[in-house]
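Two complexes follow with chain A in common, the first pairing it with chain B and the second with chain C.
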Partner chain A sequence: MSASGYESALSRITGVRGVRGAMLVSVSDGLVVAEQLMEGIKGAAVAALAASLATRLGRAMEAGGVGGGVFWHLQAERGALLVVPARAGLLVVAVADPGVNAGLVRLELLRAAESVA
Partner chain B sequence: MVLADDIRQLSAQLAQDPHSLVFLRLGELLRQRRQFDVAQRVALNGLERHPHLADAHDLLARIQADRHDYEHAFDEWDMTLRIAPGHTGALKGLAFLYFKVGDLGQAETHLREAKQYDPDDPAVDQALAMVRGGTPAPAGDAAPAAPASPGAAAEPLPEERIFAGLEGAQEGLLLLDGAGRVLGGALRSADGQDATQAVAAYLAGVSQEAGRTAKLLHLGGWVGLSAEGPQGNIHLAAPTGDALLLVVRDRSVPMGRLAVIAQRAALIARRWLERQA
Partner chain C sequence: MTARAVEGWTLEPLTAFVQEAGARLVLLMTPAGQVLAQSGFTRAVDVMSAAALGAAIYASTTEIARQLGEPPFAGLAHQGERHGIFLAAVATDRGPVVVLAVYDLEVTSIGLVQLFFEQLAADLKSASPKGGEASQVLAADFERELSDSLNSLFGR
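Now for the complex of A and B:
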């Protein structure tokens, strides 16, 4: 997929009200593939931690019999991190405000995951 | 026959005056006849009109307990006590629930409190004797466990001791300490194998990583982590800074509901952890 294709996929996510940024992350090495983040968000560090968290969680879910994760949502006091795995070893990640419409972000993440495959 | 006549008479009275308190007697008679659906409907209708009536919450709790819906029975008796702190029916009811899950200490505490308010109730004395004697719960119910020894926190406990009164307390709840050691609960994989230790091992460190991620993003402390899988959903919560609680359910339980179940379980786990400290 071209860089403009990635940008377009991320734009749909950041277009949701309350989303502060979105990025594509490589699961295997935790590196940023593409990003659209508000100023002040440390994309590289977030990518590394998101990839690590996704890996641990995915293994735990497999062991627990619910299968690999298709969507996960970290809720924090002042915001949230929402992630959908895409094919080709990528994660689509969104950083959002606490009051964001998580269902809508999930849909856009799934759509982006389809388009970047 | 007398009971059926009473039910007919009380139903007629209630139809004439829907605000009447006869719903309490009617609901109780229906419960005794094990007509739980109708009894619950009567109790809920009564509660709509009298939401602050402790006896109405107590009635609903008894019906739910008879239906083995212990989570909601626990909530209703808890509500009863908030409205009427010395309500002996609720105290006995909660004692019953604690006894069923083997928490004899809590059962005795509630019974002793009930005795303070109603010293002449023979049922309280009988129940106290049973609890002090450690008589096992009826067959098929959770067996009472011995009081926890000081070192017991390191040993996995039966999940029902920690998660008493929660929906699905027998399945899919896991409490871990900061090092990934199992404190309570158990999990099985899709093929029925015990997956507790494997899941615990993978989850060790997740709490710290979730915390670091949230901090890095200036999101404050993390409060929950939900994940959706093809065969089920999970929710992670942190009852305390170190501990991690995992709730797993199949996909029929929506993520939002799962979060509510998990938060409730986390609250109970926190209280339990505080008691162990």
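Now for the complex of A and C:
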């Protein structure tokens, strides 16, 4: 997929009301592949920590015999992190307001995950 | 994992970096290869080799940048099959400090190492004594200085 393809995949996620940013992250190295973030969100930090969390959660899920994760929603006091693993070792990550429509964001994350090679 | 320092002000930032970034081996040194602190090394000969090689890589990349008319590179990362290497420099009141970190790809990632390197850089800047740059080791004193440093780093 081209850089513009990544951008359009992320645009659909950031188009959801309450989403502050979306990014594609490489799981193995924790680096940002593409991002669309509001000012003030530390993309590199989110990428590194989300990738680390994905690796550890993946191990926990495998150890628990429940297979790989397909969607996580981490709710915090002032926002939420929503993540869908994609092919090619990528994560699709959304940073959102606490009251975001998580179902709609999940749908867009899954669409973006399908569209990235 | 035990961290040891020749220059005490580097110890706390180094310890925090090792814990946060999950780095396996870390060396803080001057651009000339004088070791300021280390974490994870068990043999003096490995510290000496790593310091010499790290300083040489830093010097080479700095010269390449100079020839390209660029400021020195912010960092250099190399990913192997099982381990990664990260090399970068921090400007402090005691002069530049070169950081060489070796990390296990099963444990951490270049993203995390880079992320916590930013914190290490800030911590080293604020912890460095304000008394100017460290004096360079003269050739005549080199062997004694090296021996003293290794004794400090390995608690002999």
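Convention: the second predicted complex is superposed on the first by the 117 of 117 C-alpha atoms of A that agree within 3 Å, B and C clash if a C-alpha of one lies under 4 Å from a C-alpha of the other, contacts with A are read in each partner's own complex, and residues count from 1 in each chain.
Convention: a residue touches a chain if its C-beta (ideal position, glycine included) is under 8 Å from a C-beta of that chain, and two chains touch if they have at least 3 such contacts.
In this text the structure is predicted, and so the values were computed from the model without any measurement.
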Applying the document's definition of touch, where does A:Val95 land relative to chain B and chain C: first, second, both, or neither?
first
Tell me the contact category for A:Leu49 with respect to chain B and chain C: first, second, both or neither.
both
By the touch definition at the top of the document, which applies to A:Leu57: first (chain B), second (chain C), both, or neither?
first
Touch check for A:Asp29: first (chain B), second (chain C), both, or neither?
second
Touch check for A:Val66: first (chain B), second (chain C), both, or neither?
first
For A:Arg78, is the partner it touches chain B (first), chain C (second), both, or none of the two (neither)?
first
Chosen between chain B and chain C, the partner touching more chain A residues is B
Answer with first, second, both or neither: which of chain B and chain C does A:Ser11 touch in the superposed model?
neither
Could you tell me which stretches of chain A are touched by chain B in one complex and by chain C in the other?
45, 49, 52
As the complex stands, chain C meets chain A at residues 79, 105, 108-112, 114-115
In the complex, go through chain A and note every residue touching chain B.
40-42, 45-46, 49-50, 52-53, 56-57, 59-61, 63-81, 95
For chain A, which residues count as touching chain C in their complex?
26, 28-31, 44-45, 47-49, 51-52, 55
Residues of chain B touching chain A in the complex:
187-191, 195, 198-199, 202-203, 205-206, 209-210, 212-214, 216-234, 246, 248, 255
